[in-house]
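Take a look at these structures.
Each of the next two complexes has chain A plus one more chain, namely chain B in the first and chain C in the second.
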Partner chain A sequence: MDATTAPHRIPVEMPRYGEHHHIFEMMQIMLQELLIHQPKEPIQFMLEHLERDNDMVPRIFILGPPASGKTTIAMWLCKHLNASLITAENLIWNKLSGLAIKALQIYEKEEAIPDFLLLKLLLERMSKEECISKGWILDGIPETREQALMIQTSGISPRHVVVLTAPDTVLIERNLGKRIDPSNGEVYHTTFDWPSEPEVQNRLKVPLGISEEETVKRLMEYHRNITRILPSYPKILKIISSDQPCVDVFYQALTYVQSQHRSNAPFTPKILLCGPTGSGKSLQAALLAQKYGIINVCCGQLLKECVASNSRIGELIQPYFQKKMQVPDQIIIKVLSSRLKKQDCICYGWVLHGFPQDLDQATLLNSAGLMPNRVFFLNVPYDSVIERLTLRRTDPTTGERYHLMYKPPPTMEIQERLMQHPGDTEEKVKVKIDFFYRNSSLLEDFFDNVIYVNGDQDPYTVFEYIESGIIMPLPTKVSQ
Partner chain B sequence: MTSTIADSSPRPPGTYTFASRPRPLNCQRRRYRDYYGSSDEEPIRYGNIMYDRRVIRGNTYALHTYPPTSQPDPVELQRQQEAKRKALARKRAREHLRPRSPEPVEGRKHADVQTELYLEELADRIIEVDMECQTDAFLDRPPSPLFIPAKTGRDVATQILEGELFDFDIEVKPMLEVLVGKTIEQSLLEVMEEEELAELQMQQQQFEELRNLELAEVQRLEEQERRHQEEKEHRRQQQLEVLHKQNETSKKIAARAYAKMYLADLLPSVFSNLRDKGYFYDPVERDIEVGFLPWLMHEVDKTIEYNMLGRIVLDMLIREVVETRLNMFEQLGAKQSEVLPDENDKEREESLTTGAEQFIEGSQRSSQRDSQWDSQGGSLRYDSLDSAFTNQRESFERGASFDP
Partner chain C sequence: MSFDFLTRGLELTSAREREALLYLKKHRILDVLVHLTSSILFHQPDKPREFLLDILSRIKIAKTTSVDFPYLIDDSNLVSMFEIMDPTNQGFITPVQYKEALKNLGLLDSDEVIDENLEVITKDYFRKDV
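This part shows the complex of A and B:
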């Protein structure tokens, strides 16, 4: 048999590696760069690109009407993300470039700078080392659709575009209080952002063009242009209302900028659902399995299946079941790994619940090479759990399961013969919950990128939260 | 010549020592018979040193020295005689007191018998022997030989002849038997031993041969075994290599297949991404947007400008006409007022001016509509005819600043 045609088992490490290092995104970006720049030496270019390793640096446009706080937000973001700030003034007042001097001459004649000159200045600035390695934040560029199109065609494309909005009246009023510190260009406000040092206060100047009429004129211009710019950046846009305190706007912008967009990378979900008993793990796992076709692995169920099938492992487990003792971790891991390494789990993905319950089990899971790539902790308050579990009932004759609050039995006859599972009493439930909460903090620390979901809502809402957690990429930490 | 040697060894003061180098004695015999010219030396007499009175014999520590004068001292003589008499007396006393052996018994005689180890012949005659001596050349003094006095007397021996003590043949038999028997026994034993040894040797040899054969066999088998092992090891290594290669190939293929699947969506997603970013744009749309529409707008602008320009020119014409008419009417009115002074002039002027104003208003309203295209967009206000006209003129000038 030819070796190439024999069925090959793809070792589990490969998908995990690809996912962990974002290989797909890396290849995507490299291919994009190749297509945009079309270098004569593609391999050298690719090597340089990989060495630079700047896929994750910030590339942000900040757009907004005058007096919306663009400059403030841009400066704060720069400081926070350690990127370089580019504004139209920045570009013009650069004394080192011939283009900038030309632009300065035009600016001093009180004329608008032609778009192609602006683009050249931008390209020149962005080819500098600090912009390449640390990223850039563009403040107030592009202003018109023509500029936006030119920037797009030249290959400069941001990863995030933040647009600030506010009602016009607010903006006009706000603009009247604008003050500028001439030494470093920082923008202050008489009401909202007054500096604390008196020397800075004395230095502040009133900038030009903040009268009402000017503001109105500029606003009209802005509104004309922005509606034509926004469709150019469909998927990376976020509109933030700047009618809130500065800090709120800043934090919204920061969280958006640090989030990643959905990528097209192939992704096999390996989901771990953790939570106290009664938080709805089995239900969510069943929903996930049904919708996405991934394999639902419940640890307890798996062990019972082993015992029932009378396999060798099952015979090992049976005495523990009979004595009602905890099955030792080694056996559980063996059973789990044999199930999770089957072809269907590798192919479709799996959702695991009921394991691990403490830190040792989690480390065993890690050493067996079965680390999940999404971990969800379902938070449900104690009372909800008690309510959910203690009111469960079963009908012995039909086998139908009811809940006295959420799914009451239709007739009185059925209700009379309902029976409760002995493990659903309040004391037993409390014991189980305590056991979970004893170990939960250690487990949370062990896994990184844990997603917390409020499990106290109705199941489909919780399901949607879990879905969004699975589909959106995990947040990456920005290095300071 | 005496030559004294310096005395180097420490001796107590007062002792006298004398040492001299050996020197040859003067030969007392003349060397040559007639020796002319040898009257210097005194003829040395030949003499026996034994009978030489000059040689001191006996003890030398109490010498009888003659006084320097030959005459003896009478006191000295007397003393010497007395000393003699005392000595004699002492001797007689001693003899008296000396213990002697008892007198011999009658008829016997004492005889002196020598009881020493060797008998000695006592003779009065002094035996004289001439001896010469020649010193050897500084030989070491040999050790003194043991003193063995010469044998004197006669040896007497006896002899026991054959057959006097015992009969040899008879006596010897048992001994001989024993001897011979022992000898034969011993020789038999020795022979047996030898035979046994020979036997052993043979056995050993046989055994050695067998062993050699077996050893050879063993070696051959060992060699075979070793070759087998090597072969096995070699085959095993080969097999391992093959397996390893297979493994690697399988892994590589798996990696390739996986990478292919993983990046299957790469190209479409890259292109769709670039399209979203606007790098790939629909050229027709872009061309329309960038090239056609601005031109269109510009042309529209131009047309409207021309329109406006036309209206302004029209307005100017109308203004000219109205002005001249007004002037004419004014002139007419002035002439008439000169002839008849009346208040109708004012009315007529007012009516004329209002009529003119209305006329101008109407034309200005139409031009106002057109001046919406004016980029300055200022509002036109007019109080009087003149300001209206000046505004018209300004608006015309402003309009003329458009670059068609």
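This part shows the complex of A and C:
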């Protein structure tokens, strides 16, 4: 619909459903495939694509200098993710393909395999069923920019590219200790990765080309080429230092490969900030509102505004305020829904804090159709909260707020007349904190995908954590 | 949704990109995708992939047999639309209203001209034309 016509009241279930089922990403991938392959029968192509359902299978390039551990990492990732491993060697040593036999002849004459032959072998291998349905991990290809461009133009593009790096001296030394198990091609090392079984130990052979001069030559070649390959993969690259134990490198690579990239899907933030009193919810909400234009909705503030504006709802709330009793949930939810369903909240998104405080309020929020799409719990230890709240002071003459530790008053004169809010005494704060923690575990279980943030840091650090939680896609379970 | 509206922001640099855009236009891929996305957001099925497979297979059959394309807005919706635009039940609507209705349904390219000589548009004409 044209954006210039009257604003549309889109029912709130639609964006929620879209986000939950990743509809945008699914359509985007389908359109990408259509544009790459440009089939003559698009409907049939789309049917086959949807049936295959392989949007999330691994598609990884692993690049790096010799002796960086590419093969080891690639093999471990394959076993873990159940994908097929493709290397230059196993493309050539394939007895079933005519192209491979030709390539083998060239290889045995000790000549380099021409790029176009390599590409054809790759395409042939990737069109096999197991690569399509289980994904693939490419080890050490592409080696030059020409190869990278050829692979890209033929329609093969990875979702993650892992580049291993290490200082040259480390690599040269490491390469001298390289050993290969001839039965399955696994790579071991005399110092870092020695196999435990004695039969394997006896089988190990010294591979060709690991002397110092050879490694230096290969390293120079690698450095010349890698700087021209990396710019081809700007947003999907991750550089991991392989100058650390294998297991660490592996775990870093695994977490990266299982993470999703930021998507282009339209997203209206509906953020909920939870935490005990004094954890910094209002401050973070104000920062978010200021930076992104999201509407800051503080529940307590909203109720007070209603009373002050003398509306009908305000008159209902006033007696509870006067008697200092908790306002009933039904009234709160009515006030909240009318605020959150206004045009500016629907348009720009909202950040809510101060509600819900227990499970019943959360269920009410759900039934009003106001579920948030990001929930943050700010964790602050008890002592920090006490320190933050009990040292707050206000100057009665100017109205300025101070904090005896974080924002002390500039002169002695002001300090003498400072007063403390009666609700900021240690006993009252303790009561509020206990009330929160009694209900917090039920609330955490109610929402799925809660993001925990350490609130015991300076406000801008906490703000950055919250920002990254909003911008990055929510973690999804990877099927093994 | 007109094709030009949807591709308005694209800056094309290479021949392959232009070729790809022509491909999209020729097979009306964007219209199909818009239809799929609107249906899926409207019906909100529990199994989105199967729902999409179902619509696509119906489109495929419809292409070969030339009948019964699945539409999001069907006949009864059109009748209601007409009745909203014609509250006094005169039996016809003006060309201006008709143009607005077509724009809302996304069927009108901004440069298409409606025959202004047709002063009145009856319900049947409206249904058939849409």
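The working rule: the second predicted complex is superposed on the first by the 436 of 480 C-alpha atoms of A that agree within 3 Å, B and C clash if a C-alpha of one lies under 4 Å from a C-alpha of the other, contacts with A are read in each partner's own complex, and residues count from 1 in each chain.
Going forward, a residue touches a chain if its C-beta (ideal position, glycine included) is under 8 Å from a C-beta of that chain, and two chains touch if they have at least 3 such contacts.
As the structure is a computational prediction, the values presented were derived from the model and not from experiment.
Applying the stated clash criterion after superposition on chain A shows that chain B and chain C can sit side by side. The three-chain arrangement built by superposing both structures on chain A places chain B and chain C 60° apart around the Cα centre of chain A, to the nearest 10.
In the superposition on chain A, contact of A:L31 is made with both chain B and chain C.
Touch counts on chain A: comparing chain C and chain B, the chain ahead is B.
In the overlay built on the shared chain, the residue A:E199 is in contact with neither chain B nor chain C. Look at A:L47: by the touch rule set out above, it reaches chain C but stays clear of chain B.
Contacts of A:G18 after superposition: both chain B and chain C are touched.
Judged by the touch definition given at the top, the superposed model places A:E111 against neither chain B nor chain C. Between chain B and chain C, the smallest C-alpha to C-alpha distance in the superposed model amounts to 5 Å.
According to the touch criterion, the shared surface of chain A, contacted by chain B in one complex and chain C in the other, consists of residues 14, 18, 23, 27, 31, 35. Put simply, chain B touches chain A in their complex at residues 246, 249-251, 253-255, 257-258, 261-267, 269-270, 273-274, 276-279, 281, 286, 289-290.
Within the complex formed with chain B, the chain A residues making contact are 3-4, 6, 8-11, 14-15, 18, 23-24, 27-28, 31-32, 35-36, 146, 148-149, 152-153, 155, 157, 232-235, 264-266.
Per the touch definition, chain A reaches chain C in the complex via residues 1-2, 5, 13-14, 17-18, 21, 23, 26-27, 30-31, 34-35, 38, 42-44, 46-47, 50-51, 53. Here chain C touches chain A in the complex through residues 1, 5, 20, 23-24, 27, 29, 32-33, 36-37, 40-42, 44, 48-49, 52-53, 56-57, 59-60, 63, 103-104, 106, going by the rule given at the top.
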